[in-house]
Amino acid sequence: MFSSLWWRVGRFVRTSPARLFLLAGVVVAGALALSGSAAPAGTTQPIAFNHQVMVQAGVQCLFCHNDALRSPSPGMPSVELCMGCHKTIGAGRPAIKQLADYYARGEPIPWARVNYVPRFVYFSHKVHLTAGGLNCENCHGDVGHMKVVEPVARMSMGWCLDCHSKQTNAPQLRDCVICHR
Amino acid sequence: MADTQLLGLFNEAASTAEVIERLRRAGLGDEQVSVISSVPYRSRMLRRPEITSRISAVAGIGALVGVVIGLAITFGTYLLNPLPVGGQPQFPIPPTLIVVFEVTMLGMMWAAFGAFLFINRMPVFGQPPFSEDVVDGSIGVLVQAEESRSAGIERLLREAGASAVERFDSSARANNRTWIKVMGGTGAAVTLALVLVLLLAYDVIKIPFPTNMADTVSIAHLQGPRLAAPAEAVPVQGPVFIAGQPAVPQVASSPSSIQRGQVLFGINCLMCHGEKGQGNGRLATYFNPKPADLTGEKVRAFADSDIFLVISLGSGQMPSLAENLSPTSRWDVINYVRSLQK
Amino acid sequence: MAEQASLESPVWNRPLPDDPELAAQVREIREKHLLQDARPPREVAEKVLGPMARLGRVFWLALIVLGGLTATWLATWAYQAYQGMGVTGLNRTIMWAPYIVNFVYFIGIGHAGTFISAALRVLKFEWRAPISRAAESLTVFALLVAFTMPLIHMGRVWKFYWMLPFPNQRQLWPNPRSPIFWDMTAIFTYLTCSMLFMYLGILPDIAIAREKASGWRKRLYTVLALGWRGTDREWKHLDTTLNIFSYGIIPVMFSVHTVVSWDFAMTLQPGWNSSIFGPYFVVGALYSGVGAVIIIMAILRKALHLEYFLREEHFNAMGKFLLILSFTWVYFYFNDYLLPWYHKEPILTVIFRLFTSGWAAPLWFTMLIANILIPWATLWSRKVRSSIPALVGVALLVQVGMYIERYLIVAVTLGYPELPFDWAVYVPRLPEILITLGVFAFVVLGITVLSRLVPIIPIWEVVEGQLLQGTRRIGRAIFPAKTEAD
Amino acid sequence: MSELETRLLDRGQSAAAAPKTELPSHKWTMLIDLDKCTGCNACVVACHVENNVPIRSEREVIRGHGQHWIRIERYWEGEGDAQRATFLPMLCQQCSNAPCEPVCPVYASVHSERENLNLQVYNRCVGTRFCGNNCPYRARQFNWFAPQFEGPITEMLNPDVTVRSGGVMEKCTFCVQRIRRVEEDALVEGRPLRDGEMVPACAQTCPTSAIVFGDRSDPQSQVAQRLGGQREFQVLEHLGTAPNVYYLKAGGSDGGAG
Amino acid sequence: MTEKISRRDFLRLGAAGAATGVLAGCTSPRRWVVLEPFVRPPEQQVSGVATWFATTCRQCPAGCGVIVRLMNGRAVKLEGNPEHPLNRGKLCARGQAGLQMLYHPDRLSGPLLQSTRGSREFSAIDWNEGINRLFQALAKAGPAVAMLGGATMSDHLFDLFSKLLAAVDAPPPVIYDLYTELGGYRTLAQAMGQVYGRAALPAYRLAEADVVFSFGAEFLGTWTSAVRYGVEYGAFRSQPYGKRGLLVHFEPRQSSTAVTADDYVAIAPGSEGLVAGALLRLIADGNLGLAGRAESARGLAPSLDVEQAARECGIPLEALQRLARRFADAEHAVAIPGGALAGSSNGMHAARAIEALNVVSGNAPAGVNTTPPDLGLARKSLNTFADVQSLIARMRAGEVQMLLIHSTNPAYELPEAAGFLEALAQVPLVVSFGAMVDETAVWSDLILPDRSYLESFGYEVVSPDFGSPVVSSQQPVVTPVFDARTTGDVLLTVARGIPAAAAAMPWDDEVDYLNQMVAGLPEAAYPASTAEEKRARFQQHGGWWPAPAVAAPTLRPQPFTVTAERATFDGNETDYPYFLHVYPSVLLSDGRGASLPLLQGVPDPMTTIAWQSWVELHPATAERLEIRDGDLLRVTSPHGEIVAAAYVTPGIRPDTVAIPAGQGHQDLGRFARDRGSNVVQLLGAALTDEGGGLRWNGVRVALARTGKRIATASLESKVGVTEGLGYE
């Protein structure tokens, strides 16, 4: 069966070399599709959460992601914190009802991850926000105007190095241990 | 009008040389005549002009290119990632020499090969004007001439003792179809490979290998299930409250504390209580009764420990901010609020 | 009165002298020297191309066996990559052994081919003509195998491309200071250039095959010949290119094994960090390489019935060659041996004792016997040199000896670092053994297949050689003579 | 955009005008007093726990795949019945001229001039094991198989340290994750590091305080104070690897410092 | 009625065991794409930032204070509690490995019922039923209940047990395990009682000592509080003004303590007391040392012939004299009696003789020369092997209807001659509280798994106390990993059903109990006013201890006699040519460590062997019997035989073979099962002459090759370290 497949492919190509480029395209596309390079599932959240509304209402990023200033991890708001305001604000809305259900059931909300760095990369939000003097936008884009948050940068090593070499005050990432341990 | 090619076959070098001489006299220059043999004959044997090959020159150029590439690889690396290793200098000469040497030789020989193909107009994938007799030892004289003169030339060749004369029309030489097939195929394959490599190189294609350490078994921050220490446990920095005792300030009011407090206030309180804490934040509209005026008499009357209690546990519509503010930063905020009240 | 190698009558139907005594002499000369024993090109071509096309039962049997072993190699490799390097017998002290031994060994084998065809070409040793291509094919396949060895040896082989210099998103390139990187460049250069060199030499023969062959072979050769016609221009350019390659590839050849030796010499491992390793390894490589060529020659001669081309004179010459290399190798080895014997640096002394009286002594003495005693005892005699079985036997012993020598250097010496707490012994386990067998099989397989696809004897070089050979008569004696054409 | 973030951003931009900030550099040094080492193995276990170093099974140990970032090497001194054992804790010596570094083809083993440490970047390592061969102390440990952490034991893995996969070289890092933690804290609080603030797991747990750790470049640090004594030596000093681990010979004492 | 009780309490206790099965899916690496928030945020816990909790280590009876590093709610590291007066921030290997006690894959989740003992076929039951069964059995058994506990059981649990038993007028719990026996805790305490009038575990201060004579005391390996002695030793080696103490160690085998000693004397086994006596004699006769030493020595020195003594001990006389002078001349000289001598036939005499040296040098050990303030807290008192034997006798006589077993493993730790298992067959119901299935649990009917010490409350009155009393606190630092329950709560629940017990144990759970206890503690080193604050600070600081005060010695040594002779050994010299030297493994201690890969996989310091057990032989012995490393030997004693692999080492007397305790488990989890051999099987059940200790250091053995051979899992290169570079 495979032999026949190969034979077909062979004939397909033999008839005209131009088709080989076509084949190449197909292979690459397939590889792309299969590989994990598609942005980590960020689009489908358990609750249709709208960052834009929150930010426009004047809620700070750091109010909900309240570990960012004191920890490497940004932190996710506890369901209780959400309810803290939303038992009053917009209590009627369907999304809020969902939230309330989670709270009532005592279940955590399984938020889907949006930005992804590998586990062998040790990035500290604390340092970048305080000592680094950056703000959320620099890496996460203008979340304040996103209804659904999408990653704005492929957070690869080159991306880090670029910023650190361009940003004049950022320390040069000479020794690997700054990020890799 | 099309040219024809006449191939006369001769048995030994001497008579070949003679024929060539005759042809020359007949006005067919060396560029129109070429000798075909399965064994290299020296030009002098055939009274042919010395051929000078330019391949050596090209090889030399290739070597130079090699030097450049070698230097680019090595010094490029030294400059691009100046990672110190083993106390060696940033620009180590001996390793550079080794690498450059190899790449130089590479460039030289590849260039020579390329030049060889180019000068001989290779590759041609087809049956060139050739005769099996050449394999069997005859020497072929291939004459390129206009159709009109071909008859005369053939006569001349036969008179000179050619064992046989064969005609080819020049179009037979190159078989374009195969050429396109093969070269196109190779080209496509190479490009495909290149594209794939670059896609991989720039992580457009990321293959999640089983053992790359991007995901490990250790528990990451924010990874579920989230566990906490038991409520009764007391960490080394001490309990937040002790039942039946007012909370004691852990941070004395100081400019730095107030500054920290201001930032934290801006994050956690401002949206309801407003810039100056008068309870006129942007979210205030949603609440009824309105958020407290922190500069008002009521709050002024509060003891610090009471405010601490409110921040930690929340009161009324105000949620608990225990999660947002660690105990010490709660005191920072309190100090800031107090400074607002002044 | 000298009889010129006349261009009047083609050399291949040169008449015998009328005088019977002289005729006898000429006949003797002809049967002794290939190049004197000129035959019409048709016949020569037939002698090469004929057996090539005839694939006997033996061939298919060999194909199946060798192919099976090669498949085992690949399967074992996959298993090892999946399980982890732990399936080998390596341990926390001896982190290199089996594959690096093979690596060094095969790089070594790869040296002879180039040396014979390039160096002897430069030196105009005409007798090399029939040998050279077999030697080159050996080079190519040995290098192919050697190239895979470091990959098989890697813990995370799927990341091998990190060792290649290419632009990437992490802006990180390989480290030019690392001997492994030198290896990569050196071997890549050597491998590709050897292939091109071989291909250039084959071109005219493929053209010949193109004319003689039919069916798929015809189509194949038509493509492979790249349209070679053999015009005087093409011949001239070919000559120049081959010269460039010959002069270029010899220094590369020396550099390659020197770099390989630096893999060891650059470390702090006692017994490794010695400045003599470079030349010592090169000579060792040639030594084992020439031996391997002798073996391949014998096999091909038998398998393809090349008695006409590969004659006593060739084996004889290679035998001498082997002997000379043996002397040279011993010279270097003695240098390396003398030091620890003379000064008593503790750790070196430990290793020295290990070889002379320790558990490694059997290996060491086998090595000495196979590399020194037997060759020296036998190769001086022309009888041995010109008897093919004997010579092949010696060559095989040299292979064994040289493999053990590499094993002692890599797998045994490495077990004795400076701190005695960490000393260890390496014991091979099944995966290494299978893989090693597999790669040996692959080399033989490669040559077997290649020898059926392309003329393994360079027809045109033989014919050319014959063209320029003649005899000179002085008094009543006739001697072979060569016509310097240029 | 919110007030706070504007404020932070302003700070960022004002800082952007400033010259390149250089992170502070240190000369991390370890001092092992063999007079106090009792071979109790507390450091070994502490290291295993802190750095997620896998425990290898009996079969693996027999095959020479035992994996410890720090190990107690036990030698014998003297002759006959007068033979006495001695302990030599052996770990990565963090050489200044590390032989393992230049031989790595992919820069997985590199030097940090800032920390004066010899780093191993696990995720870059391709497993040629050249570094392991070239380490005269055999301090580098190779993951011959992927580590096995059975059941809930994964819960106690330290999230600050990458869990190495199979086919990767690893070694003692002077608990660099701790170094980075205290450095980041100091950076955020805008203060220099204090002596004794950074202690690797082995030194922290060593009951007899045989292991002392600190920043040699700070003359007040305990390490700097105790260096340069009579008993001081380095293992395989003659190789010129310039280790940053110093040992003190047993059988003597330098007073004062406990 | 029981139904009601247990249901109510099940609800209450149920909350504690809520986090069962949180580990689902945590074991396989997978792409981590879900960010999970807390539902209700805990105080003082920030994702990605460590939180530290102070508690007490229960890996050995010492009770070191530890602080636990919590990351993302998981305990990822243990460190010594720097505030704790006992271990001062330090920790030993066993303590470091404690986390695996918590996260051990073979821990039991929920109670188990075994239909037929030894069948290993357990059926899971829910806690409700388990507690019920316990309650009903108790109610039925009445006074015929016995309890066998181990020294690592925390004091609060001991208190609850004894209260419960007292309520049903059953005899008090019997506290005995191999660890304390090998450490000679009980015997030494008794000896101290005879010398100083207060029977407590002695604690020797080495920090300022000039000379320390250690008589087989592995105080840097396993003896009493190895960590604290480590701290002391560190100070002892580098004292102010460049002073460096001198350590002399007497032991037949080179232990890690012997290695670190300046002067190691390989004395004949069982001759510690004799050496001490000879030293006394020499000091007395030779008028050695500082003023007064000789006099006091004369009062104590036994009458013996020094030359002969020296010969018996295997020490040259002049060496003995040199040592005597050393000791006598030292201003601050300390002699430490070890566990090994306590286990020999003349244990008590030897201990007295050695303590006499301290009396001579005028350095009474801490802990016995002062009476600690009464803390109003119950604390374990260890029992002797004799008590265990009487318990066994009662069991055999059928006087025990129900046996409770907590944190000890008699089926593994008691020699077969003790006949524990036969006696156990006479007991209708055996309840084990082990967190894992150990050898004893296999022979029990009901298993009510207790929580690990990192998941439960408790307190421990630290012993040995080095001058100031310390109560170490124990608190749960992680949400329970398995559905186990603290035995304290189980007992309190059950007690509620028994009127007498309910009266004696009025607390609704152990937290409540703990509050009451802590509230009663006097002024601590840290300020704490109200009861609540006391408890909070108690947990925060990891215990209670008074502000450091110089405790003036109140007790004077009282007259006692010193007799010095060599210990006797079972088995005659011809059939059993070698002395057996048993010692607790530095890592596995008495065998409870064997369940932890961290302790199994780390090489033993002296042999660098991991995962295995071995017999240490002198090269001469090995040569005589043609034994190589790894040869499986049949070791035979008058009482039993085991098979173990040989390890040839110069660090032992030619007439002695040494075998570590700890291996040879049939159970105790996947990592301990079927490894090596259990040396206890070689021991008899004989008692020491005085004090009723187990005479475990009094056996001779014979060696024979089995012809089989195993590969030694050692880290070292034997060739390398023995032959070396040839010039060392």
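By letter and in written order, the chains are A, B, C, D and E; residue numbering begins at 1 in each of them.
By definition in this document, a residue touches a chain if its C-beta (ideal position, glycine included) is under 8 Å from a C-beta of that chain, and two chains touch if they have at least 3 such contacts.
Predicted model, so just to flag it, every value in this text is computed and none were measured.
Between chain B and chain C, the least number of touching-chain steps is 1. Annotation of chain D and chain E: jointly contacted by A, B, C, touch as defined at the top.
Comparing per-chain C-alpha centres with the mean over every protein C-alpha atom, the closest match is chain D.
Distance from the centre of chain A peaks at C, each centre being the average of the chain's Cα atoms. With centres defined by CA atoms alone, the chain at the far end from chain E is C.
Taking each chain's centre as the average of its CA atoms, chain C and chain D sit 47 Å apart. Chain centres here are Cα means. That of chain C falls 69 Å from that of chain E. With centres set at the average Cα position, the gap from chain A to chain C is 56 Å.
Mean C-alpha positions place chain B and chain D at a centre distance of 35 Å.
In chain A, the positions touching at least two other chains are 36, 58, 60, 62, 70-73, 75-78, 80-81, 108, 110, 118-120, 156, 174, 176.
Touching of two or more other chains is recorded for residues 2, 4, 66, 73-75, 99, 102, 104, 107, 110-111, 113, 122-124, 146, 149, 154-155, 157-163, 165-168 of chain D. Within chain E, the positions touching two or more other chains are listed as 26-27, 31-32, 34-38, 41, 46-48, 71-72, 74, 715-716, 721, 724. Residues of chain C that touch chain D in their complex: 83-86, 89-96, 150, 153-157, 159-160, 162-163, 172, 174-175, 177-181, 184, 263, 266-269, 414, 417-422, 424. Here chain A touches chain B in the complex through residues 13-14, 17-18, 20-21, 23-24, 27-28, 31-32, 35-37, 57-60, 62-63, 66, 69-73, 75-78, 80-81, 83-85, 88-89, 108, 110, 118-120, 154, 156, 174, 176, going by the rule given at the top.
The part of chain D that touches chain A in the complex is made up of residues 1-2, 4-5, 8-9, 11-12, 14-23, 110-115, 117, 119, 121-124, 160-163, 173, 176-177, 179-180, 184, 187-188, 190. The residues of chain B lying in touch with chain E in their complex are 208, 215-217, 219-240, 242-245, 322-323, 326-327.
Residues 156-159, 161 of chain A are the ones touching chain C in the complex.
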